[in-house]
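Naming follows writing order (A, B, C, D and E), and every chain is counted from residue 1.
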Amino acid sequence: MAQRSVMTVGASLLVASLALAGCGTRGENEDTGSTTGGDAKVAKIGVIAPLSGDLSALGKGIQHSVELAVKQANESKAIEGWTLEVEAVDDEGKADVGKNGATKLASDDEVVGVVGNLNSSVSQQTQPVFAAANITQISPANTGPSLTRGADGNARPYKTFFRTCTTDIAQGGFAAKFLIEQGIKTVATIHDKKTYGQGLVQYFTEAYKAAGGTVVAAETINPDESNYAPVVSKVAPSKPGAVYYGGEYPQAGPLSKQMKAGGLNVPLMGGDGIFDPKYIELAGSTSNGDLATSVGEPTENSDAGKKFLADYEAAKYAEPAAAYGGYSYDAANAIIEALKVSLKDADDAKSARQATVDAVGKVSFDGVTGKVSFDEFGDTLVKVITGYKVEGGKWVSVKSENVS
Amino acid sequence: MSTSTTDLTHGHDDDAVKVPLLERIPGRGSAAAWPLGLAGVLILVGGTFLSWSYTSDVLGDLSVDFYPNGVQICMIALGVAALLFLLAHRGPLHRFGEWLDTAAAVRVLGLGAVAYMVITLGIIAYQSGGLVNINPGGWISLLGALLLAASGLMLVSRQHRDPLFAKTSSWLEISTIVVLMALVLFGAAYALDIGDGGSFLLFLLFVSAVALALTRAGAFTWVGLIAQKNRPVLMLGAFAVAFLFPFTQGGSDENMSIATQVLIFAATALGLNIVVGLAGLLDLGYIAFLGAGAYVGAVLSASAFATIDWKPPFIVVVLVGALFSAMLGLIIGSPTLRVSGDYLAIVTLAFGEIFRFTMGNLDGSNGPDITNGPNGIPAIPDLAIGSFDFGQPHTIAGITLGRFANYYFLLLLIAAIIILVFTRLNNSRIGRGWVAIREDEKAAEAMGVNVFGLKLFAFAGGAFLAGMAGTVKAHHDVSVTPDQYIFLESAFLLAAIVLGGMGTVAGVIVGATILKLLPEKLRFIADYRLLIFGLVLVLMMRFRPEGLIASHRRKLEFHEDDEELAQRIEAVHLEETEVKA
Amino acid sequence: MTDFLQQIVNGLTIGSLYALIAVGYTVVYGIVQLINFAHGEVFMIGAFGALATWTVLFKGQTGLWVLPVMVLGAVLVSVLTAVVMERIAYRPLRGAPRLAPLITAIGISVFLQEAVRLFYPGAKSKLVFPEIDVVTGTALSIGGLSIQRAAVFTVGALVLSAALLWYFVNRTRLGQGMQAVSQDPDTAQLMGINVNRIIVIAFAVGAALAALAGVAQGLLNSNIDFRMGFLAGLKAFTAAVLGGIGNIQGAVVGGLTLGIAESMATQFIPGQFGGSAWKDVWAFVLLILVLVFRPQGLLGARVVDRA
Amino acid sequence: MSPMLEVKDLVVAYGKIKAVKGISFSVDEGEVVTLIGTNGAGKTTTLRTISGLLRPLSGSIRFQGKRIDDTPAHEIVTLGLAHSPEGRRIFPRLSVEQNLLLGAFARRDGDVRKDLQAAYELFPILGERKAQAAGTFSGGEQQMLAMGRAMMSRPKLLMLDEPSMGLSPLMMKTVMSTVTTLQEQGTTILLVEQNAQAALKRATKGYVLEVGKIVLSGSGPELLASDDVRKAYLGED
Amino acid sequence: MTLTDTPPARVPTAVGKPILEARGVTMRFGGLTAVKDVDMTVNEGEIVGLIGPNGAGKTTFFNCLTGLYKPTEGQVTLSGDVLPPKPRAVVVAGMARTFQNIRLFANMTALENVMVGRYCRTSSMALTSILRGPKFRREEEATRARAQELLDFVGLGGSTESLARNMPYGDQRRLEIARALATDPKLILLDEPTAGMNPQETKQASDLIFRIRDSGLAVVVIEHDMRFIFNLCDRVLCLVRGEVLVEGTPGEVQSDPRVIEAYIGGGDDDDEDEGPATTKETL
């Protein structure tokens, strides 16, 4: 019987507490942390980049640069009545993860624009997701021409996709001219069989041949390996004046070192993928004279660039801005510029998406990497490329040129 | 409690180790245990109605009195479950208690509740900067959980009958299945909706505590039996749940994107399960067959980057992709299936790498231009079957279903086909042949089983199914690139099978879901994901090599020396045959 | 002709690396019939062990005398990893179905890679391996051939280890015990040989050579990264199978053969399917062909199938 | 004096199948004890359990008074119990001398060389071909090697499993006479043989095993004279 | 062919035409001759025993018969057709076997084990199995029925659903025989069918073998248990050191001094030297 009574007590207690629960009040979204006051509407700028895994250093730089731009915009109350927020999503550098992330961003009604992705192969899968949701996507790093120009080079596949970096065509062309000007008429090309590297070498080769140079050898390496002696040995007998490498610094550095150790004592030239201090570290002391191209004026040369670097420093982010920080900052600002127009009369963020896409196409302002504006394909109009050379263990800019 | 000394004769295989430890607990078997448990439940549940946290931004919002949020509701549910078991142990529900090891269930629930509370309070303290931020409700619930755990440890299992032999009416069975299915649907939808990782983790803990308690109590033995008995109902229910799932998403594609990937992954893993789980062949390059299908799908699509001008209808593409994949399976299989197990694993691994390199090379400069090399084939248009465009949202019964939901249904169909092939082959002459080969290849050969033919068939058949899934994947993904088909993906597929359970459909689906869903939901551990993955593989092989939901036979194969297990499984089998007859 | 010889030199260099790693596969397989998939990771960890030793003890030093200490550090770390791995993960699985240790091996492999990536400072990207006087620097030029100094180190390491290993296996008591266990573990026990200990020693010997290979690769390529073990391990396994798994001489011959085959494929396979883009494909095709037509490998004896 | 080897109620099983079903026997110092019986009677299983390769399900094994049923195989050798297994099981890819030295693996003393000489004296053929790979030897030579190898551990008790299996009569004689020699030199021997007559002739004690049980025991000559043994081996009714 | 429960008969049935003929079978491994020039004929309805001491080459000879080895010289014919050296082809041709150490599919039930034996006599392939048409159902039903019939025949009708690994030793032996019978053989080879059995089980085994013979099959038995083999067989071959030493009726073989010598063993004191010392058998 004792059990029975315990039961009754228990049951009545339960009922009582449930009744009490009905009377409870749970505040509607108490915005305690908000600084801009309760009535500001929220629009989000997404970041989609590899935030974990081996590319995370680059991805985090993108994320923080966007955060910096948004923070500055909020501080200056750039858009009246709206607060901007950053929603960062990890794509791990993988297409399917990236697609999930893109879908997640697209399902968030407050997201109007996105900065990303880092990898072209991921963008290929996120483009349609953002396009279907009318969300502006600006990549700070995708250099593959077909992303904006389609298979035939003249049909824009997704109206929502823009980029602040230049394409492989511009870099390859500049590099070709640069080498010819230096009097190097024969070149061996090597690339890593990845989208970026292969594209770069392809457009370089076209431009180089057109400018009268000869490609004496064309090879590839496997980026998972780090011994390139067989390739170097194969290339060396053709006696090239330089090696043009399509790929990134983790392979380019050791390649440069092994080239020189293997008796191929000519400069290695590459694109923005090798324009990194780590390249010099990996390539060692024999890298003096190696060449690279990068997009835009040297960041530390322009006032905007200097300010960006100083601000970034001041914000004390855990990771450095890295290679794509400037482009990401410009991309975020391009979206913010567009939002100034599109959000003006909008009731909510979602309804402003189409207007934002339209407005981004028309922005024009001076950014960290030069003038920011887009052509009819969504490519950046300003195609300033700078050539760099390794001198005394540092990248030193040699010349800049607008190649458009 | 006169039977307290002889209660542990009931043979769960690992009880033997745990008994001495348990028996050393002070107060074990005392009469206070049961009321202590009740008190624990009351305090526990009572605590959930009070605020747990001072700040409002941790784990949703735990700062409001008399308004439990999701995290607290899970705790209430846990308490209610413990209450039911306590009442079944002694009290109004004792009729059920006769069939169940109620003490074990209370023990698991109690310990689970403690873990749950400790983690919750830990998260609150960590995220809001100190233990001060924990409000009294949290401490009260923790106290309740501790009492419940103590009660569970002190309770002694009564002599109970094996639920295997419980005879139940069919309405009870069918309604149990329906309720379980509904819970699965509800739970899945709820879990997917949880935004932050902490809450998701806690929900997982809650689900596993309840599941473990039911297992410990022996309830799953009975569930397994009625599932066998009412197989059609179960299958129907499972598909109904899977079919209804998109409708719970309120038109949002966020989770559907994940769901489609889970399905692609699960379908592929099911295909691999034919090779590994049924035929016992280790394939470490299986992703290549999915890739072969995807490339066929891409090359024959209307993408501007496609290199072949033939644009057949999709159904033809599916067949071509599947056949192409199967052909690759034959090419790699026929010379190498004669080599022994380990070697085969390496050969398939090498084949997977060859596939990836080749796809990266066939770009016009290092080979004929077929795959566009590393750039892959992007911009693959959405499928359109008849007038149904998979790219466009459709509205059904007032609920909008987006692009991914469309693909979800198609993939569900493909998964259903693969499941059908899997189960029917398993229960046929061919399936028996495979088991025989796994058990003793030489004896199988000596009994006239066509060992080589059956292995080759498994290999090519598995490849066929993966190729089929691949063609859909190409359209679903929009682009096909070689870097999606790396070795790690094959390892993941294998892991899905190993984690879930070799040779079972449910196991593989569970495994695939875990491997695809957890990383998405637990993004805060993203960087440690692979580390944990590696560790889990090692631990699984050490402690539960047959996987979470293993087929009986596989379980036995991994426990060659366990005679008790063999007896138990035979008893289950006999009961099942009897029930079916 | 110079091209040919140059590629032979390159092939021998890479082949020596493969051979050093392959010995580990072969020794362990010979004794427990286990493909220790995680052996490539032991090699990687050796390289990191050497780098860590240098960073902690000698940062900035380039003297040749540093090298032996680095090698020692590498060997210690690798051997420790291998022994712990055997004890914790493999030993409990002895007698389990073949699938279990193989999957365990994949798990360990992923785990070790990730552990290094996450917990070794800076290991998320490639790390620069220190330059050491005499063994790195400008290549030697002999009759038009360019020979990297580190290549001399690598080949030398292989020759020396092969000689020591030969001595160990054939002339020492433990080595004899090891041979006995590999031929007949049951009977070996009857001789008073502690089989568990021999298995640990086999893992340790393989790990020591892999560590040496790790140092050699660091010196050769001047950088190391946490992923270097996967492909190297796979190639080394291929080499072990090529030579006849379980056979130590076979591992050496197989490694050198594979290395030379790869560099030859880079240079001499003409047309679209040649060049370095296809060399890995040819290496794996070679593996498959060997397994199909000579499963016992180049030097292995056919094992009589006891019914 | 307690027996040198004492086996009590030994039960050994492979999974569910019991191969040895509770046998007891003992070997005294200086004896030659033989276990005879048909295939599958459990003789080899018994020896493998004594030497630690198999673990008994129940029962005890004592060697010189010390229980050894829980001792690992490689330690049992060091106690002075050597086992020359069925089918010789020499290490085929090692030389004769290497094989012999492995027999002394567990020993730490310096007399190994001396024993090596003793083995070569006992089996001159081994001395003549000490560098040859053992796998190239004929069955009889392999058997000699196996016995020599077992003797290298200086055993107090030597267990021989089917030493005459598959040998020519001439070889068989040599092998069996070696058993006698060893006994004369003071080694206690536990012999498992199918050639019952040869075995019983030398045995001080014999046990007949059938399906895992001892069905008959007695002194060698007793058993040899027994009708039951004849029946067991030739099915004479 | 049907197997019926006829009572065991000690009397040999009428001997029919030869089923299995081995002619001059020789098997060498490297330099060692394991089996030398062995002839053996087995006629319909006959039980032939194969005896010999350990290491006499019985198992090697057996493997030559069952297609595991291809004899170095000589050939084996079954009903006039030369047997291909493939175990599976041998089964299809009509010769089934059991194993010395039981090799059942341990984690399958008794019924499933026997159903595997039906594999080579059934034909439903993938598509049939997936679509489950009437043909599949019929065949599956027939397989099941036949397997049950065979289980009943060997006396395991009550253990249909037991796991093979859970069955007692004697039952496992019988199950192995049932599985072999399921392949519809003309001849069945039993490799030490009573090893490890107690006398009662041995008796049951010989009854079973008689019943198999009575149903029209030829039987070859390898055994060590002499009582068993001399009770059972119509004819016995004694193999010593790879050669046929004696062939004849049980009575003849039993009383042959050479057999006694080979078994109980000519001690080393007997100076009688016979058989070439060159033939050796190793592992």
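Brief remarks on what is shown
In this section, a residue touches a chain if its C-beta (ideal position, glycine included) is under 8 Å from a C-beta of that chain, and two chains touch if they have at least 3 such contacts.
Since we're looking at a predicted model, the values are computed, not measured.
With contact taken as defined at the outset, chain B and chain D are each touched by C, E. In terms of C-beta pairs in contact, B-C outnumbers the other of B-C and C-D.
Chain centres here are means of the Cα atoms, and by that rule the chain farthest away from chain D is A. Measuring from the average of all protein CA coordinates, the nearest chain centre is that of B. Chain B and chain E have CA centres that are 47 Å apart.
Note on chain placement: the centre of chain A and the centre of chain D lie 77 Å apart, centres being C-alpha means.
Centre to centre, using the average C-alpha position, chain A and chain C are separated by 38 Å. Under the contact definition stated at the top, the residues of chain B that touch 2 or more other chains are 360-361, 365-366, 442, 527, 557, 560, 563.
Within chain D, residues 15-16, 89 each touch two or more of the remaining chains.
Within chain A, residues 56, 193, 220 each touch two or more of the remaining chains.
Looking at the complex, you find that chain C touches chain B at residues 35, 89, 92-93, 95-104, 106-115, 118, 230, 234, 237-238, 241, 272-273, 275, 277-278, 280-281, 284-285, 287-288, 291-292, 295, 307.
Partner chain B is touched in their complex by these residues of chain E: 66, 68, 87-88, 91-92, 96-97, 99, 103-109, 112, 115-122, 124-126, 129-130, 132, 136, 139-140, 143, 161-163, 165-166, 179-180, 183. Those residues of chain C that touch chain D in the complex are listed here as 173, 176-177, 179-180, 183-184, 186-195. Chain C makes touch with chain A in their complex at residues 2-3, 6-7, 10-11, 13-14, 17, 117, 124-126, 128, 131, 137-139, 141, 146, 148, 151, 217, 220-225, 227-228, 230-231, 262-263, 266-267, 275-277, 279-280. Touching chain D in their complex are the following residues of chain E: 53-56, 165-166, 168-169, 172, 192, 195-198, 224-231, 241, 254, 259-260, 263-269, 273-283.
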